Amino acid sequence: MAGNTFGKIFTVSTFGESHGIALGGVVDGCPPGLELTEEDLQVDLDRRKPGTSRYTTARREDDEVQILSGVFEGKTTGTSIGLLIKNKDQRSQDYSNIANRFRPGHADYTYQQKYGLRDYRGGGRSSARETAIRVAAGGIAKKYLEQVHGIKIHGFLSQLGPVVIDTVDYSLINENPFFCPDASKLDALDEYMRELKKSGDSIGAKVSVVATNMPVGLGEPVFDRLDADIAGAMMGINAVKGVEVGDGFDVVTQKGSEHRDTLTPDGFTSNHSGGVLGGISTGQDLVVHMALKPTSSISVPGETIDTDGNAIEIVTKGRHDPCVGIRAVPIAEAMLALVLMDHCLRHRAQNEAVQCTTPMIPGSAK
Amino acid sequence: MAGNTFGKIFTVSTFGESHGIALGGVVDGCPPGLELTEEDLQVDLDRRKPGTSRYTTARREDDEVQILSGVFEGKTTGTSIGLLIKNKDQRSQDYSNIANRFRPGHADYTYQQKYGLRDYRGGGRSSARETAIRVAAGGIAKKYLEQVHGIKIHGFLSQLGPVVIDTVDYSLINENPFFCPDASKLDALDEYMRELKKSGDSIGAKVSVVATNMPVGLGEPVFDRLDADIAGAMMGINAVKGVEVGDGFDVVTQKGSEHRDTLTPDGFTSNHSGGVLGGISTGQDLVVHMALKPTSSISVPGETIDTDGNAIEIVTKGRHDPCVGIRAVPIAEAMLALVLMDHCLRHRAQNEAVQCTTPMIPGSAK
Amino acid sequence: MAGNTFGKIFTVSTFGESHGIALGGVVDGCPPGLELTEEDLQVDLDRRKPGTSRYTTARREDDEVQILSGVFEGKTTGTSIGLLIKNKDQRSQDYSNIANRFRPGHADYTYQQKYGLRDYRGGGRSSARETAIRVAAGGIAKKYLEQVHGIKIHGFLSQLGPVVIDTVDYSLINENPFFCPDASKLDALDEYMRELKKSGDSIGAKVSVVATNMPVGLGEPVFDRLDADIAGAMMGINAVKGVEVGDGFDVVTQKGSEHRDTLTPDGFTSNHSGGVLGGISTGQDLVVHMALKPTSSISVPGETIDTDGNAIEIVTKGRHDPCVGIRAVPIAEAMLALVLMDHCLRHRAQNEAVQCTTPMIPGSAK
Amino acid sequence: MAGNTFGKIFTVSTFGESHGIALGGVVDGCPPGLELTEEDLQVDLDRRKPGTSRYTTARREDDEVQILSGVFEGKTTGTSIGLLIKNKDQRSQDYSNIANRFRPGHADYTYQQKYGLRDYRGGGRSSARETAIRVAAGGIAKKYLEQVHGIKIHGFLSQLGPVVIDTVDYSLINENPFFCPDASKLDALDEYMRELKKSGDSIGAKVSVVATNMPVGLGEPVFDRLDADIAGAMMGINAVKGVEVGDGFDVVTQKGSEHRDTLTPDGFTSNHSGGVLGGISTGQDLVVHMALKPTSSISVPGETIDTDGNAIEIVTKGRHDPCVGIRAVPIAEAMLALVLMDHCLRHRAQNEAVQCTTPMIPGSAK
């Protein structure tokens, strides 16, 4: 049972290799009557696109999405939505040297072992290129969530190597190439990345996503809790190695009297939980963090083996992001949107009166 | 669409409230011919059971599991396996005071808002009591994984508040009430917990699970990656707020040249990845960490609201674990076993020759 | 991937063998707030129960159902509902002679070949005994459908061997042991069955199920059409070999001008479609027919092979229904209820305004 | 939860409207290493294509399928396969008159009521045009089934109105425009269809599909029985109103002594069951029949209502098949292939030794 479908009620099934003919997908379960155009989806695709700044890879992917079905006279019809992004820039020669070797830190070895063969061009299906379709599908969810429930999703870089952000101003996120919400860190980021590029190495990052104006009631215990599904979605993004909700790993040293968020008639007075209790949204801001590893495609030489098992040296050529974490911001937003959309529909399915829009107390504390 | 089923091919569907008549479940998809007895499952249920030491709650749950179907003459038949654990100790009076109030840090408020009503006795379905059935089902998976693939799963406490373990000796885990693999920390743990109990407060913890003798090839990209499914499973355990695979959040400050694990003809020379690349197991040890929040059921007074929205004071009486993280160890093991079992069958479904048992290189580095 | 779960949003997962300890199941996705007692479910279990008349088997199954969870203070809570029916009458000796032989027309051979071993006692999992849990779960769906949508489900015998019913009076169905809606056929049925019992043989039957007061809009094209899901549900009942919706196989010789149901401002003027167009309910009566084969457990001697492949003679002893079709009536009702319930929730999930309760035209023609 | 995905392990998710930009789909779960080209899939698309004879519609759909991913160097890679068929002939003007009226016998009314809006051009998503992608996906399954298991699938017309076939010669099926396996009926069919066209009316049909060289062991009781899944798949084809396995509705008047197929050391001596016992394949030929209604798009005038609820007269113009049953033959084959493929993988997932290839007795009787 292959795993190319995401979601249970609002589902996204995707296909496509890095250097194949096209990427595409089927979005099923979108409610009818939602106004939707290709431009709606292109916004985030352009944010994800490489080549937008000198800090990301210079490849031109030109992710132009087409809606092939499911929209009629500008509105969704309730039938499945076909999405297509044609691949344009397919310089296969850049990757021909990896046909018979396993890049360390990449999925070359595991794909070869699992399937017995692999499309080695640019990493094939294991390339982060496939996330373009996730971003397109997430765009549909984002529009729905905002229009119907008023939910907004804000992704941002919260740490890049040693540079840690101190403040969060959502209005800054799209004003700089780092998706950084803290103006005071832009120079430090710029300088760090320039040095890094010179060294030919790469760096890890921490990315955060916050959903504001959340309804209370989303999440399906005991297994399909909202936080469980979010953790699965985020860990399923290329390069992610850790996921936190709310205080995350800080809770290890917290006491109960410190961690529990007090309820008052005016709302919660704190948000250690990150907006989820018992796997169900509280109406507070939903706060998620994730750790992204440094890309292994670097020009620093390394050792590995070839497909015959012989030890060889490897230097990854080609154009690669020195920090893949940056471009992960719109991807993380898209995945959170897909999870929330799925859970909105799941909640509605079982619960007559959609309590999720009228919380008993305001979801105050962020 | 409610969420009481876990897994896609090897599935576990559970039911049961903390103070209801019984907990139970259906395990579907178990291969035929596996020798299975109730004793096989009781071992881990006894490890999870409260009242086994003075550090956990004094409640007597007496989790005795019955296998109601799916096993004939000592072997699984390939049909669904019914599991049942009767509830014995149902002192509802301990909880009567929470019928009309929302305990802070608990799921009372979210269940009430989501469903419009809730079984408030002992937390009802939101109580960690339901995990007993997960542990029973996980026992089936554990037995299969070890017998068929030789996979072993080791869960342990790796941090409790300020006490951090330094060494891991699997043989010690079941020899102390903390599931602690480091003999040098037992005194510190004992002392810390005694002080904590006096204060009436609770503490968070970090729990780790490692699967050894892993096959290469488990995991179904792009969404149902092995690490994604593990993250979802772990975040779906009560009180978990963060999940890491391999180096986890440490990767944020790592460079690519440092993080990538080198492949040699004799195996990997390090295991920063935690045994997963591109969402597929590498054959290295699978390394997972999780953060568990301190329980909110403490005798330290707190503020909250009642079901009419009025501010009130709350003191949780009853018998509660000062560190729920400890008892989470067998639960985390069970969830990892369920994920691995599901992925073994999923891999087999699609891949004729089950490559997952014969890695090209040994999965050396732990 | 075993197949013991039915439904996609409102799901039923079952377990249990004919002569095991108990039958049981988990019903997940039931909306909260539905009043529910064990008595609600017992009604149909008693209708399905053997031994209620001289025309069905004399076994005493005594199907007493217990609700183990998911109901609190008389109402469903939105959490999963555990169901249990203990097996009481387990005269294994009646079946000991089939341990090493394959009864013709039964699943003995296929289970043995598929799983490599089988619980041969009374057919094990392949016995129609498992349908008791379907009936219990269907009872929940029936209650919901009637209370929330006003939908009523009527199952009846429409043919037994050569005896074909001419008229349908729902009020008669539960007044005779045949579930026959035509009073003029009761004598013929009685006589036919008495002769049949003497001969030691069995007979096939045709069973119909009609849902009245149907909403328009249920069904999820292009694959999960309402009629497709109904066909799957009905063919999944033991002994069913054919399923029809509306005019069924009569359409083969119909012309388009004859078959198409005319829409008028006052409703449809006929119901050849059986209440489904394009896989979506029209609001007309939903009309389903199915053919049930004669049981193969008869006292007429037959030939078969044993588990070593040798030819042997076989005479089925024990107590068996001469027409299993009769008892299939409440099972067929239950399965239709499960399908409709699932589709009500599925429709609601995707469609904001639940149009399915206010058809544009009345669903007049039956 | 929309229903545009078929299958559980081998899945097909489709999109596309009759007069949209393109039809497409994602096939997930195909084992790696299967040789696959677009030509493999085109064969059946050409059989399904309208305009191939004077008995089917004169529209030119030119169903040219593209494989967009999942195949590398001529072999499947185990990743998801993207399929695309561009729509070429989009004469929307033929259908503009149906924008504000509901064609009787069509899904216009139910789509409008379910979703609140609809793509009325050529029936939109409810058009049988979407089955082109099913046929393409089924082609992948067909190739796999034949190459790996030797299973062959034969679809044919077994009745058209009053013309009933007497003999089945698979070699004739593709030699005439009716997919008729009985040479002696070709003249009668030709004559009947010519008269029918003149009258402007349409006619129903019966289509059969037989899988030969079947393995024993396919099917997942108790719900996902092989016959249950086949019934769902067939009833989900446009215009199908009835499905039979084996003797189908004939069993209503059969006795047990007549129906049960005798097992001998040399195989079964008859095939009343149609190759399924207890929901699991027996190794005999798998025999399925289905009834297809006459199309409602006829030039015979009829009554209906418009979208404002007013009574109006309707005459369907445009180019339509007088017997849609004929073209359903390759569609039915494709759906059977998809079901069998899914069940092969499902069986393999749970059962170590794939017993399904070595039956204990030969599956002799057809």
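Read from first to last, the chains carry the letters A, B, C and D; within each, the first residue is number 1.
We adopt the following convention: a residue touches a chain if its C-beta (ideal position, glycine included) is under 8 Å from a C-beta of that chain, and two chains touch if they have at least 3 such contacts.
Note that this is a predicted model, so its numbers are computed, not measured.
Trainee: Determine whether chain B and chain C, two copies of the same sequence, contact each other through the same residue numbers or different ones, counting it as same when over half of the numbers at the interface appear on both sides.
Mentor: same
Trainee: Hey, which pair has more contacts between C-betas, A-D or A-C?
Mentor: A-D
Trainee: Could you put a whole-Å number on the gap between the CA centroids of chain A and chain B?
Mentor: From the centre of chain A to the centre of chain B is 26 Å.
Trainee: Taking the mean of the C-alpha atoms as each chain's centre, how many Å separate chain A from chain D?
Mentor: 39
Trainee: What whole-number Å value describes the gap between the mean CA coordinates of chain A and chain C?
Mentor: 45
Trainee: Of all residues in chain D, which are in touch with two or more distinct other chains?
Mentor: 1-5, 8-9, 14, 29-30, 32-33, 78-79, 114-116, 125, 221, 345-346, 349-351
Trainee: Touching chain B in the complex: which residues of chain C?
Mentor: Residues of chain C touching chain B: 1-5, 8-9, 11, 13-17, 20-26, 28-30, 32-33, 66, 68-70, 72, 75, 77-82, 84, 114-119, 124-125, 345, 349.
Trainee: Under the definition above, what is the set of chain B residues touching chain D in their complex?
Mentor: Its residues touching chain D are 1, 9, 29-33, 78-79, 148, 221, 345-346, 348-352.
Trainee: Name, in rising order, each residue of chain C that touches chain D in their complex.
Mentor: Answer in residue numbers: 1-6, 8-9, 14, 102, 104-107, 109-116, 125-126, 130, 159-162, 201-206, 216-217, 219-225, 227-236, 238, 241-265, 272-274, 277-283, 291-298, 300, 302-305, 309-311, 346-347, 349-351, 353, 355-356, 359-361.
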